[in-house]
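Next up: some structures, all given as structure tokens.
Look for subunit A in each of the two complexes below; its partner is subunit B in the first and subunit C in the second.
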Partner chain A sequence: MKNLSVKNIINPKELVKPGKFVWLILIVMLIASSVSSPIFLTSRNLRNVFLIQPIGLAIATMAQSVVMISGNIDMSIASAVSLMTTMAAGLFRDIPDISPFTVSLLLLLTGIAIGALNGFMAVILRIPAFMATLATSSLLQGVIFFYTKRPIGGIPKSFRFLASYKVAGIPICFFYFLIIFLVMAALLNRHRFGNHLYATGSDDYIAGISGIPVVRVKMQAYLLGGALVALASIFLSSRMGGGGPTTGDGYELDTITAAVIGGISLAGGEGKLMGAIGGVFILMIFSNFMNLMDINPYIQMFLKGMILILAVAFYAKKDSE
Partner chain B sequence: MKKRVLSLIILMVLSVSVAFAAGQQGAEVQPKTEDIVVGFSCAGMGNSWRMFLKANFDATVAEHPEISKVYFTNADEKPEKQAADISDLLTKGVDLLIIQPSIGAAIVPAVEEAYATGIPVIILDGTVPTDNITAYVGQDMKKLGAHYAEALVDMMGETGKIVMMSGIAGQMSVELRLEGAQEVFAKYPGIEILDTQYTGWSIPKGKEIMQSFLQAYPQIDGIWADSGLMSFPALETMKEAGRPLVPSTGDHLNGYAKFLVANNVPGYIEPYSTLQAAWALEEGLKAVKGETIPKTIYKDPETYDFERIKEFVDMGKSDWWWLGDDQIPAEFLPKID
Partner chain C sequence: MAQQMPLLEFRKITKTFPGVKALSDVDMSFRKGEVHALVGENGAGKSTLMKILCGVYQPTAGEVHFNGKAVGIKNPHEAQLMGISIIFQEFSLINHLDVVSNVFLNREPVGFAGFKDKALARKKTLEIFERMGVEMDIDRKISELSVVEQQLVEIAKALSVTAQVLIMDEPSAPLTDKELTKLFEIIRSLKEQGVTIIYISHMLEEIFEIADRVTVLKDGEVTHTADVADMTKDLLVKKMVGRDIDDIYPEPGSPSSDILLDVQNLSSGERISDISFQLRKGEVLGLAGMVGSGRSELVKTLMGIHKKDSGSLQFDGRSIENASMSEAIANGFYYIPSDRKKEGIVAPMNIRENTTIASLGDFLNRGLINRKNETVAADAENKKLKTKTSSLDEQIRNLSGGNQQKVLLARALLTKPKVFCIVEPTRGIDVGAKHEIYKILRDLCEAGSSVIMVSSELPEVIGMSNRILVMNQGKTAGLVDQAEGQATEEQILSLAVGHEYSLHGKETS
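On to the complex of A and B.
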């Protein structure tokens, strides 16, 4: 708690620490966006940028973060999202009377099963996590294309309410995110699992000889990650109103980008979920700001790449210090 | 620190909520004839076809002084980003929204939200499965795929073994072309489909897939492709492998046309025109001005058999040029080498 003093908050050395730097960048971006575009501060835009648009990526980034903290990586998130959004749409199409609860439960079980498969290959069989989860990704793509080659729409309003219903002007999906975030933050910061996760990610050998069940912790990280990807997919199915073989494309890299910008170490054992959520907000505000300022799409791609390079370089330098 | 950040987030949520409650807007939109703001939500910008689509859009905008501002967004083929882009465009107060769907089935709520604001919403180059749009403007994709198939059957004398090469798996514009073709081939028992693969309209991937076709099948008599972006690399690969060149289909990519003429091999070209963006804008403007337009507006560009291709091809232009779609002022033409 010593870092919370006013002196420390305005201390530049504290501000550039991983996990805090992201908030400094976010504040700078908020100020720059507000000054540059009169539309940025409109209620509609703020609601979109903070309360709706980031939710899917934020939950999926939590999944990636948990796995990254354990010292692994998950390259199957995009295909898992595609599979589960397609599955949700397919279930509603093929079984019109199915309840949203049943669909959500099936998605959750599917997510956990995908996490178990990733964990089995990367942790039990010791296949390098990058390759193991890429293999899962390819396998899931095959399953989707076996099921359908076309996108499926028509998710009913009873399921779409999660992304569209509001209470006092606040989309309920924000509360959905907030609950998931608070549970995860408590699990990582106040529960023994969190301590074991960080210790395992930092150095699994030392963690092992200290009595931490390393294999179980890494496996649990993948299972938890799978469940979180399912929760993200439930929201995304609701928001998109359908699914298809490519609906999740890009999510593997976007979740890694957000997590890294937010201070989650690619080497494992470091970083906070809050920082990763800050990384998601940075990506969202960046995209929104570029749209509002009418920046050329090619320049947008270039700038997004630059942000990732700078973030990785910054944290690499911090690590070496 | 966590408590402070959490408090900050809750404060932001409440502020946004209060501001939003005060800022709800109605859906009554009056026709406009001047100072029109147009939004174009593009699916992606990854190839020269997309660049020509934007060029034709920009050139058409320049012909309409009543358009005061245009906003363009690029979804990078991600439906969730496209939903966010559409929200951003609505925030900017566009009077007309043109959407090239990334995955139509996965942007339905965003499209319906846009339509509910009362502005005309025009879809091109793909379908969105909802009635809540003003119009679809473009080509009949299923018919296009069927035309390619009929032309190939004709060139092959109704018999032989073929391979099929499609664009991006799962995209409606791709699947409809494929479906149209398969329905035609089913009518001809002499035509055997050896294999069907998606190439993502990527030239390297097209070559790679054709190489595997050549290894797997000693006899290939025809190539059905939904774009010149596929048939061009496929034929090049056949030539490199020393295999006899065969009839093929595709759209109006100059490289494909050049290859057919240079090697004197029969082919069939039917453009999947980038003028769709211009047509969509023209129809959308009519709707903004209060005219009623049909819900589905199909346009049929000119088709080219091998003799016409010989007249049509431009051997001096880049392989990545889109023939016939370049009838716009030079300042708008993409810089393609």
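On to the complex of A and C.
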């Protein structure tokens, strides 16, 4: 366990390694937030910032991360979230007796279908992933607006319990996230699929001549990503009690920002899921801090863009060294 | 070996790429448990043939027979399942993964539900390295390993398969004698276990030491197959190139005594310190030394790639800085690095574009590129260097190593360099193309330029250089002027190792 030696933790070179750097920033932000706002450290705020608010973005960022590690990108996450939350609300509105289980299952299938569409275009037809998934995004947006132009509410309590119920003071949605995270982390770090995913994203030619079915692996990444976006949408519709055409707005960039801050390489094949989750917390604390300090949301948007530029520049510089 | 059914057979294998016929009607057979060497110049089709065997390429025509049956090897995974394993010439390792993951890439020992059995993988990996007699930190990432270590991992990866056929494509290139001896021991023990080994190498000594039979490929066709015992080195070379080996280096010419470049007390970080030398007009100055002695660092400092901490450059009687690569090129310097693939060729571009990319400014007409002039210039230069290609529009990545190097030389010549730095000019290039590249360098000198050549091959340094600057640990260890009598390998080696070691073998550690 040489990685845990004191020298390695304090060694500045180790700290700027993707993954560790994230936690350093996170600690600095925690301290800064605690000092500058009395509300930050209240248990209510902390529970919100750490256990409830980040869940949707965290699960969606896992989706983005898996696709990014495979060497592609998913620009359709925002529209997919909007579509699926709208769909959940619509299903409950139009089919009164529908069970939460059925709705969840339908969302999951929809998510996987969207992943399959992305994968078909980006992997099978070899349309550049950026373009293909952007096209998917527009396509989904069209579907939503065809169905409804305004948000739909009224999701029943039976479905909302995921975001509202608590066990021993801890919201159960946090366990929902934790289980998904642990499964994904095990899949990426301990399962052979993870090896193949990293190898494919790192260099698909070499992975191919080593016998790895790279097309299948990239396809699986999109399918898995689609399923994760569905799981994120289930949580979000439960939390908001509804969904609409703009529910997911900002998620394409936020998921990429969080992943990149967390050390997931835009070039593929590199980065840990745990780091990406760290990136999510950084974004969350950042916006919580901004809200507590009552800073104009448009300025927040601007600053978030700056963060992404800084993060990408930071890793680009590290790569060139 | 008596009449025995061959384990593996190529029957009339033909492979064409756009514009190039890489293989035509290749017939070859391999017996069980033999070491069969495959030789031929670069571009002769050896690697293509092996890639067909591994399922990376599909043959345009012909059949592969394995164990007496015709087989279609559709992808590398199928080849693995059949027991065909390969050590690729270019590395096939994933940089971001550690040694264990690479050795067992796609064959990870798995336990419950496909989860990796990392402990078992580590144990097996350690066993393989033990068998190879090599110490290796198997938890390190590939990107942290040296080239030699990467090659050892590559070999371990191939050995981790219980193979019936093991292909080794230039396995020895980066290895030292000690590791090579180990490799040969491993090959012999595999042979005893009945593994068929296809051994590709430019090093003829190796073939005579390890191989049972040898097949020569030339221009995509089999020209000769024989038992090694019935062959001589000279005969083999003749079959490969149709020419004797002696006349490979051109005449040394007669450089003037005018000094083109005067380097004084050049230092750069910990890489090189206090280097002084003079480069004469029209000479080839060889830079010799062990790996890590600072040879290529010296060149990179001259070219402005590494920052110089101190020292002065006098060029053609004036003082210059060469603070950046572009400044160096503007001053009439040019540099061809050793790693063609990473630092030389622009892979997605064609030959014309690769030739003119460094001198596009010469073809501008009101700010736009004059395609006609560009094409004429690229065509002339490549014709002069005899680049083998169907057309200038061919992608450079489809060329063999020797022809890629010629395009890079054509690119350099278009900038009309005065000081021409080249590192490992013939690495991975066959005998025939080597000769042509030597001649190009010599012609450049005849035309009044000077060449600084870094090379790890002592015969090349001795054969090509007018004078040889030997380096050791970032410092000048000696300067050998061949006008005073030809240098010997021993002489240079003893300077390069600082007299501390005995002169036998190429000890590098």
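Everything below uses one rule, namely that the second predicted complex is superposed on the first by the 316 of 321 C-alpha atoms of A that agree within 3 Å, B and C clash if a C-alpha of one lies under 4 Å from a C-alpha of the other, contacts with A are read in each partner's own complex, and residues count from 1 in each chain.
We take it that a residue touches a chain if its C-beta (ideal position, glycine included) is under 8 Å from a C-beta of that chain, and two chains touch if they have at least 3 such contacts.
Because the structure is predicted, anything quoted here is derived from the model rather than measured.
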Contacts of A:His196 with subunit B and subunit C, given as first, second, both or neither: second
Which of subunit B and subunit C A:Lys218 touches, first, second, both or neither: neither
Which superposed partner A:Leu292 touches (first subunit B, second subunit C, both, neither): first
Touched partner set for A:Ile170, first subunit B, second subunit C, both or neither: first
Touched partner set for A:Gly243, first subunit B, second subunit C, both or neither: first
Contacts of A:Asn45 with subunit B and subunit C, given as first, second, both or neither: first
First (subunit B), second (subunit C), both or neither touched by A:Phe145: first
Which partner reaches more residues of subunit A (counting touched residues only), subunit B or subunit C: B
Partner chain in contact with A:Ser210 - subunit B first, subunit C second, else both or neither: second
Shared subunit A contacts, counted only where both subunit B and subunit C touch the same residue: none
Residues of subunit B defined as touching subunit A within the complex: 1-2, 4-5, 12-13, 15-23, 42, 45, 71-74, 76-81, 83-85, 87-92, 103-109, 129-130, 168-172, 175
Contact set on subunit A toward subunit B in their complex: 3-4, 20, 23, 39, 42-48, 50-53, 56-57, 85, 89, 145, 149-154, 160, 163-164, 168-170, 174, 185, 189, 236, 239-247, 249-250, 274, 284, 287-288, 291-292, 294, 297-298, 300-301
Subunit A to subunit C touching residues, read off their complex: 186, 190-196, 198-199, 202-203, 206-213, 269-270
Residues of subunit C that touch subunit A when the two form their complex: 54, 56, 75-77, 79-80, 88, 91-97, 101, 105-108, 110, 113-116, 118
